[in-house]
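Everything below concerns the one structure shown next.
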Amino acid sequence: MKARVTIMLKQGVLDPQGKAIEHALTALDFDGVNEARQGKIIELELTETDQAKATAQVTDMCEKLLANTVIERYDIELMD
Amino acid sequence: MKASVIVFPGSNCDRDVAVSLEQAMGQKPNMVWHADSELPPSDLIVIPGGFSYGDYLRCGAIAGNAHIIRPVKEAAEKGAMVLGICNGFQVLTETGLLPGALMRNADLKFICKDAPLSVETSDTPFTKGYKQGQTISVPVAHHDGNYRADEDTLDRLEGEGRVAFRYADNPNGSARDIAGILSENKRVLGMMPHPERCADPLLGGTDGKALFTAIVEELS
Amino acid sequence: MTKPVVEKPEATPLNPYTEITPELVAEHGLSEEEYATILRALNREPSGTELGIFSAMWSEHCSYKSSKVWLKTLPTEGPQVIQGPGENAGVVDIGDGQAAIFKMESHNHPSFIEPYQGAATGVGGILRDVFTMGARPVANLNALRFGEPDHPKTRHLVGGVVAGIGGYGNCIGVPTIGGEMNFHSAYNGNILVNAMTIGVAQTNKIFYSAAAGIGNPVVYVGSKTGRDGIHGATMASAEFDDQSEEKRPTVQVGDPFTEKLLVEACLELMSSDAIVAIQDMGAAGLTSSAVEMASKGGVGIDINLDHVPTREQAMNAYEIMLSESQERMLMILEPGREDEARAIFEKWDLDFAVIGELTDTERLVLRHDGGIVCDLPLDPIGEEAPEYERPWEETPKQARLRPHEVEGTDDMLGTLKTMMASPDLCSRRWVWEQYDHMVMGDTVIRPGSDAAVVRVHGTNKGIAASTDVTPRYCFADPVEGGKQAVAEAWRNLTASGAKPLAITNCLNFGNPTKPRIMGQFAGCVTGIGEAARALDFPIVSGNVSLYNETNGVGVLPTPAIGGVGLIADLEKRMTLALPDEDDLVLLVIGNAKGHLGQSIYLREMTGKEEGAPPAVDLEAELRHGNFVRDLITDGIARAVHDVSDGGLLVTIAEMALAGKKGVALCEPKDCDHPHAFWFGEDQGRYVVALSADDADKVITTALKAKVPVTRVGKTTGDQLTIGDTNTISLTDLNDAFESWLPTFMAG
Amino acid sequence: MKARVTIMLKQGVLDPQGKAIEHALTALDFDGVNEARQGKIIELELTETDQAKATAQVTDMCEKLLANTVIERYDIELMD
């Protein structure tokens, strides 16, 4: 089973990368970009086949390692 | 000889390379602001090291789209010499003036130290002051110096004598130990190591000096 | 399948009109008496915003309420001092119309909670303190203390802090040239991250923070204000407990790229005469910068918060005033110079806003959404902030440990190898190779020697710098430990050939309401003062970080000293690396009494931390150091290293490794306790390498000058040997020395 | 309209960050992670409301700036 973890900075946390991308897009004459935010994505190939167990396992990974919950929030998506 | 150093927001080796150029040329280079759309007449364009735009998004990506890049490319097409050091090398790959890409170092850490390099070709206007096969020591200081290109590109670079420098002790995982590469006409050089950091005996080495001297000889 | 993870609700921001309850007062870290003082000063209840302002300004971090009485005892003057404590950073004269501007600051609590961003923003903050005075930053240093290596958090914290310091300094393009790092269980729950920046300015172009000129515009520049870091100053002024993790949202994210733009923009504007006063927004953000600038200038300040550039919607006055968003500055401009200034900041893509003006009321007035949310007299917030003479207890003296009371060893070099591979003595290369220590093209002595040296750009003189303190000495005897920290910084500068000029400090201690801790503080400050006086090494800036305690366990008293010196002619600089030349003589300058109390030998080889620390004889220190500096200036010394942690043999081994040059040592004569001779940590000592001819002359002059000197060996081959039989190859020793830290970090 | 751009290294390009995550997870005793790959995510707030136009616009942004197609591939998702 495959899991995809999306990690974004929490609302309100400064996102310098997003800000720089916004500027750069404007400088390239792309109009109509009101906001850009950058995050990370981590794709995991798991041996686990049970959905619930996989979710629990990946949540644990996020809390312990993948995300920095001080400033980031995460989202887990499972795919087969 | 006329030289220009391009300054992006976040460039931080612009002054350092200007000092080395001045020592070699006897005159100060032009410092050219990234937002300018025109380049003063230049035989040599230097894209310095640093963190243009904070290295946000991808090293060199945002700088690769700056206004000044179009005239830089035009000048390169007309045969001007272009030297990209560190972040400058990253910018040159982003603009397409050099092939490939520079990824995060294999061990994921920023690395700053003297790196022994082997000079792979002395048959270029940049490296003619060295002997082919000579080992020189030049500092590296980067987080993303891990050179990548597909196998065909790598073969072609090697086949055409376009690998300028290789690491004697690969610090970052670069494909085929590549530390610096040249354009087809060998007038564009991108390299991760910093020759401007070893062109003054007080700074602990002078192996970089021959590169600047060669450029000045070529262009005067 | 998607499993959304619910975010914890953020704490509700305090409405400016909130009713003030005792709980609210307590949450703001104000005692009942302090609140009563506020009520008396105002003759009314404060608004929510006003309460927040008092809370921040009266926090330990901003008011120095527990430490001030002691700090006043420090020597802060000298002919070289242009500006002592009281400004954003200290300023000393380095000749030719130039000044070195420097300061050290802590970012301990944030770094424990979020090591990367905490350390990064620590670097960003101290850089601002320096360039706000008109200096171009030329060097960074950092003093780090972590818990014991096998504590489950240590590796993660070391990795994050080092990456964060590098991440910020490398990006902004200021070389990180030195620092120190220790491990000790006392830091398990409270790491210490102290960052220091040195800048260079023209003496006639130094900018200060006292606001002046009624009606002059108050200008905000830099990044926008967000909700980050609200309560940072109060957090830095409280003990940790198990709930501290909950305080996490106060951690800020650094943006070194924006700070780089801010440096360039500020220095560009500073080359004109448009700025009257300027101050960075550090702890307690807009509150402390506005209050301090106005108080120092004896004026009032009227700010319309509607004009403050904000990053988030609907921020209220309380949040805007207490936000600790990074990369922001407050300036007072000459009237009519706004457009010129604006053009510069816009060129660098930075926010620029005129947010108010100076008044003659000596009050802080804040307007928001059409109303007045704060109208406070400035004196009670700043000048009249509480000051405490906290009760303190002297630290009981420990008995002096005699050499025969400490177990010896037959295998001196094997012991050396073990010690060189110990956490506190092993090579820090893993750390400084992650820092760009060469950017700016002026690093003349790189990290790894006693003091690092950067050339003053375009000249042939250099600034030497070092940070030092031995916390285990301070714990055992705060006064001696305080002296030792200053003496060691002075010694390190001396060993590089520099003339020591002045120091900054960062005083990291536990909970000052405990008399025992306050006694440590008082003792260390006393020792620092004594040494600074004796060595003519005044304190020009500094920072105090208290409440470094978790669940009642405090850190070792850690008064980090940042020393700065000047090398007038860089040809006369010195490093510890032995030249690749046979038959140079190694002399020890200074006396060896074989002091093993509190030594690394004692801890690593016997597992004990006990006894009195080595005493510091300040007169001898001065005599020995000046003697060594003359040897350097006269071109006689070929390598110099001071003797510190680990003792004489470790010192010599470090010189051999740095130069890749072997040394043959003689067995000490008539010595009952060779382990104490080789590993004792007696103070005031150096090892000097010089030619055999010079050695004889130097020994004669030394004895005349009452400088003890001993010949211990000579350079030869590529091994370290003692006597005829005891040998270790430098390769072996180097592996031990270099591999501990990378191996530890690789997990 | 909101666009989410996912940028991953192309198959075959070595992913040092992914490898490091794999190692770290194993070190933390998470079993059964066969592979980890790390990528970037960029969320854009667009003024554009037409799906086709938005896709075209974001594709253009990816080609010109957001992705380095020498080593990366990208994926666009629109949300309202």
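Just so it is clear, A, B, C and D label the chains in written order, and each chain counts residues from 1 on its own.
Following the convention adopted for this analysis, a contact is a pair of C-beta atoms (placed from the backbone, for glycine too) under 8 Å apart; a residue touches a chain by one contact, two chains touch by 3 or more.
These numbers come from a predicted model, not from an experiment.
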item: Chain pair with the higher count of C-beta pairs in contact (B-D, B-C); value: B-C
item: Whole-Å gap between the CA centroids of chain B and chain C; value: 36
item: Centre distance in Å when chain A and chain D are each reduced to the mean of their C-alpha atoms; value: 10
item: Between chain C and chain D, centroid-to-centroid distance (C-alpha), Å; value: 40
item: Distance from the mean Cα position of chain D to that of chain B, given in whole angstrom; value: 29
item: In chain C, residues with contacts to at least two other chains; value: 255, 257-258, 349
item: Sites on chain B at which at least two other chains make contact; value: 53-54, 56-57, 61-62, 65
item: Of all residues in chain A, the ones touching two or more other chains; value: 16, 20-21, 23-24, 28, 38
item: Chain contact graph, described as a line, ring, star, complete graph or other shape; value: other
item: Interface residues, chain B side, partner chain A - complex; value: 53-54, 56-57, 61-62, 65-66
item: Footprint of chain D on chain B - complex, ascending; value: 57-58, 61-62, 65, 93-94, 99-101, 103-108, 146, 148-149, 173
item: In the complex with chain B, residue positions of chain D that touch it; value: 13-14, 16-17, 20, 64-66, 68, 70-71
item: Touching residues (chain side chain A, partner chain C) in the complex; value: 9-10, 12-16, 19-20, 23, 51, 55, 59, 62, 68-71, 73-78
item: In the complex with chain A, residue positions of chain C that touch it; value: 1-5, 7, 10, 113-114, 117, 223, 226-228, 248-249, 251-253, 255, 257-258, 311-312, 325-326, 349
